[in-house]
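In what follows, chain A forms one complex with chain B and a second complex with chain C.
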Partner chain A sequence: METIAKKQSFINRWMEKNDSRIKEWRHSVRLFFKSPLAVIGLIIVIGFILVAIFAPMLAPYPLNWRDFALQNAAPSDAHLLGNEIYGGDIFSMIIWGSRTSLLIGFFVVFVCVTLGTLVGVIAAYYGGWVDEALMRVTDIFLAFPYLVLCMVIVAALGSGLMNVMIAMAIVSWPSYARLIRGQVLSIKERNYIEAARSVGASDWRIMTRHILPNSFSPIIVQSTMDLGSIMITAAALSFIGMGAGPGEAEWGRMITDGQSQLLNAPWISTFPGLAILIVCLGFNLFGDGLRDILDPKMRR
Partner chain B sequence: MKLRDYIIRRILLLIPVLIGISFITFFLSHMIGDPAAAWLGEKTIGQEEAVKAIRAAHHLDDPLPIQYFYYLNDLAHFDLGRTGRNEGGRPVIEALKDYFPATLELAILGMGFAIIIGIPLGILSAVFKDKVPDHIVRVLALVGVSMPIFWLGLILKYWFSFKFDIFPLDGRLPYTVLAPPKVTGMYTFDALLAGQFDTFFVALRHAILPSFCLGLITLAILTRMMRSSMLETLTQDFIRTARAKGLSERKVILKHALRNALTPTTTVAGIAFGGLLSGAVMTETIFAWPGIGRFSVKAIGSTDFASIMGFALLIVLFYVLSNLLVDILYVYLDPRVKYG
Partner chain C sequence: MADVLLSIKGLKTNFYTYTGVVKALDGIDLDIYKGETIGLVGETGCGKSVTALSIIRLIQWPPGKIDEGSITFDGKDLLKLPLRDMQKIRGNNISMIFQEPMNAFNPVYTIGDQIAEVIMLHQKKKKKEAWQDAIEMLKFTGIPAPERVAKSYPHELSGGMLQRSMIAMALSCKPKLLIADEPTTALDVTIEAQILDLMKGLKTTTGASILLITHDLGIIAEMCDRVGVMYAGNIVELADVGSIYKKPSHPYTVGLICAIPTLDTKHCNRLATIPGNVPNLIYPPPGCRFHPRCNKAMDRCSKEKPGWYKVGEGHYVSCFLYEGGDKK
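Presenting the complex of A and B:
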């Protein structure tokens, strides 16, 4: 009994202390739900993640299931979206493929945010020649068009999904580093940082408690929007034969596999592409909505 | 600082970037293992002499910094190495010269689509902010940004070439039509220059689907950019003044707001143009368009590394130069922007 009461009072105290923050948060959520497009995006994103997690329960046929008698078969009751060139069930493969897309997206974004934060913070914090050197390195990466640098790196590493992920992470981190650096530089000059410093807060505390939490909202928006384009690029690399191998349940690869049968079995390429489009649109709508609420300048 | 000084400074700043790029391509091309073995294929066993000869001829036994020096020297002489079996082992630079015009043609037409459709859509969206046309345009633009263009290419091909038979399936010209005399290497422009209007229309019909496909993402980006810069311009004082003077809304938007809102859009278009060339990798593969994108995909299929690197270097060079041009254009278009 006593512990519950203690807990309750702790929560109450916390809520009192963070009253303004909670109000702000509630206001943001209300704003977000006012935009129908953002809500549609959120629903797509949540749906996609759930499908990926519960794929083994949702997919009617197991991973790598094939019936060679059903090669290129049209959609039917047993196979809702038809069968692909090796006889696999397209509907199941799309569901299984969502795991690959989700894994690639989150892996790449995770690596980029981590590495980008590290480099961006170091560059902004130390300034001088460290900043100059690190930023010239990002310049070089950003001088390459995204897809081309990915292609070249995968070509050097060898085809395969793992190498596609590594290549995309290598190519994407510099833009995060620049974003974080810009954020840290602008926040560093604010009054509350000076206030924190004047009461004797350490560099580490200022960095982790004051600067980083306040610089994360553009990162969240950026990574949400990027998740969609990362999935498209991964699919594109698979499409030109650099990612998943033939017959694998990966959306881009499924489109490639269907390319040769486009004229007599268009469903093979159509449905996986539709999946990419919907998921990517979902992340973009969601990201747009997030930007509207996280960036106070955009608020109406 | 004068404009001239600014341009010189920008060009000087390019040097470290270009060195960095060459460093990356050098580093990557030395990661693929023993090039000598790659050239000889599986026949290396019992051919130690041949391997040694190749290693010696290409300085592969020298320390890496010296190899890098040789690499830079080759680059400076436009020697990008030799292509693989697909191209019969001719110099990469020659293959690129042959294929580049086709890609450039596609990129120019794609940019044309993006500008002709994207800018009016953006204006429409801004003028009708938060009304039905705005919602439609915004959703369309988001769909455009989210579109896997390689998939769109296949879908367009299926419906517009195969089902409705409006456009040819692929290629640049049918076998029955001779290519126009070569000036630029771009069939549509060459046909116009030679006055062969029949050939022009046939070539254009072949180019419409692939260039639309290529330009779609840029179209969506331009639409969004045009909308936001138009919205920003419309809130400014001089627009209020123009309206107060009693100008028609049409004149206010088309004469006063448009000119000012176009500046940021132009720069975005310039940056996107470099990106368009790399998007050609997908589009050219789908529409069997013989440009550098398709060349690079074939090179990937046969692990022809010199060709892949040559392709990448050409695209990067274009990308870097178009960015530079955009920055220079920007200070020219908007005198308020400070150099530096």
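Presenting the complex of A and C:
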């Protein structure tokens, strides 16, 4: 009893201390929930992540389960969304496939944000030839068509999901570097950066403590929205035969597998396609909502 | 004469722009004594702020560069110090107050965080102690409810409050020299008076020297012990505050003081002005930079740069009209 009271008073004290922060937070949350689309996006994103985490409990059939008697079978009570060309249960495969998509999405975004931030901040902060050199490198990457460069890299490394992730990270980071660079360029001219310098802060300190926290909100938005398009690209690469192998529980691969049976068993390609559509839409709506609360200029 | 705290000799700062080299400072000489308040006045673009930024070496390259001169502080030439040592001096021995307090704080941290950061940077103190010191400093600058202000974000405070916080931050490591670059320009008149009073009071308690940059002769008269008048990258006259108003000597200073509107100016009299425009500092006039606008210009003014001539006790002028006086 007494410990609960103690805890309560601790929480109260914490809330008093951080009153303005809590108010600001509440305001943002309220703003976010005002937009129905953003809420739908949030629900989809959370649902997707939960499905990926609890896949073993949710999927009715184990990973790689197959019944060759049921090849191309139509949806039934036992197999809600039907069976694919090797007899796997499509519903289970979509659930298992969410793990792959999530992994690819987060891995690629993580690598891109890290690398892009590093390059972008250094280029913008030091300027001059450093900037020139780094930005020409990003130009080279951006000059290639996105998907073609991905395919070239996967072709060179050999197909497989890991290589697809590596290829996509290599191809995607330059746009992050550009975004960060633009942010830092405007922020490093602000008075408070000069003020920080005038009190003796080192370059490193200025970059990490003063520039980064102020330039990060567009990155959060960009990476949320990118999660969706990265999953699509990964699916596209699998679709053209790079990445996941035949019969693997990967959404893009499942669409390819069903391609030949499109007329007599349309469910094989349709349901994984819908899964991609919904998840990608969810991330985009969520990203839009985030942008509305993170960008004060968009606030009304 | 009191001890010299900081001595600037022949400082030349240039900006290398696409259209040409802007010769922003053309050999500044200035001594700042311990415990004094020295003012720099001049019109926009005459190099006041560049002087201030040069002292703490915040001129950004590119495009700016300090090409010549020396700035001696504590027996060391600041211009030759490695960056790391310079960072130890900034905020610790020499600190600066900026023109617009609203932009001089990082919007993502609280005021207290930012003051504590400076304290932790220069004194080996723990976060908690630094935070206590920060509140102490805020209290010192006369902020009511310093605990609340310390926890506020910059956008939650008014300009006057922020400038007080800025002063608290600048003084938090007990600097020997405080550079105030137009500290009240962005504030309204009543707040301006409060901030000036505060700075005056703090000077007597901390004993720091203040380099006050402004274009307001009124502020100079109220705050300063000595004043340097700047024109187009030169200090043209240096004197005690009293003598500059009583006996302005350089034609530019005379022009400036005549241009102050007074209550007894007849309504039919037009306000006195200095004819002409500020020169483009990419192509500054040869010789004395003021000669094209000067009503007392002589032939030699366009050929040679005048030296320093003494016209009174501690009163020096850079103009050939006073060549008869003692050389400095």
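The rule we apply is simple: the second predicted complex is superposed on the first by the 278 of 300 C-alpha atoms of A that agree within 3 Å, B and C clash if a C-alpha of one lies under 4 Å from a C-alpha of the other, contacts with A are read in each partner's own complex, and residues count from 1 in each chain.
One rule holds for everything that comes next: a residue touches a chain if its C-beta (ideal position, glycine included) is under 8 Å from a C-beta of that chain, and two chains touch if they have at least 3 such contacts.
For clarity, every value in this text was computed on a predicted model and none was experimentally measured.
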**Message:** After the overlay on chain A, what do you see for chain B versus chain C, clash or fit?
**Reply:** fit
**Message:** Quick check on the superposed pair: does A:I255 touch chain B, chain C, both, or neither? Answer first, second, both or neither.
**Reply:** first
**Request:** May I ask you to decide whether A:L285 touches chain B, chain C, both, or neither, giving the answer as first, second, both or neither?
**Result:** first
**Asked** Is A:P266 contacted by the first partner chain B, the second partner chain C, both or neither?
**Response** first
**Request:** Tell me which partner A:I180 touches in the superposition: chain B (first), chain C (second), both or neither.
**Result:** neither
**Message:** Can you report the vertex angle at chain A, computed from the C-alpha centres of the three chains with chain B and chain C as the arms, to the nearest 10 degrees?
**Reply:** 100
**Complete:** Partner touching more residues of chain A, chain B vs chain C, is chain B
**Partner chain in contact with A:P145 - chain B first, chain C second, else both or neither** = first
**Message:** Contacts for A:L161 in the overlay, against chain B (first) and chain C (second): which applies, first, second, both or neither?
**Reply:** neither
**Fill in**
The superposition places the nearest Cα atoms of chain B and chain C at a distance, in Å, of 13
**Message:** Which residues of chain A touch chain C once you look at their complex with the stated criterion?
**Reply:** 17, 20, 127-128, 190-192, 194-202, 205, 209-210, 213-214
**Asked** Within the complex, which stretch of chain A touches chain B?
**Response** 37, 136-137, 139-140, 143-149, 151-153, 155-157, 228, 232, 235-236, 239-242, 252, 255, 258-259, 262-263, 266, 269-270, 272-273, 276-277, 280-281, 283-285, 288
**Complete:** Touching chain A in the complex, chain C uses residues 56, 58, 62, 84, 86-92, 95-96, 98, 100, 103-109, 117-118, 121-122, 151-153, 156, 166, 169-170
**Item:** Contacting residues of chain B [partner chain A, same complex]
**Value:** 16-17, 20-21, 23-25, 28-29, 31-32, 138-139, 142-143, 145-148, 150-152, 154-155, 157-158, 162, 274-275, 277-279, 281-282, 285-286, 296-297, 300-301, 303, 305, 308-309, 311-312, 315-316, 319-320, 323
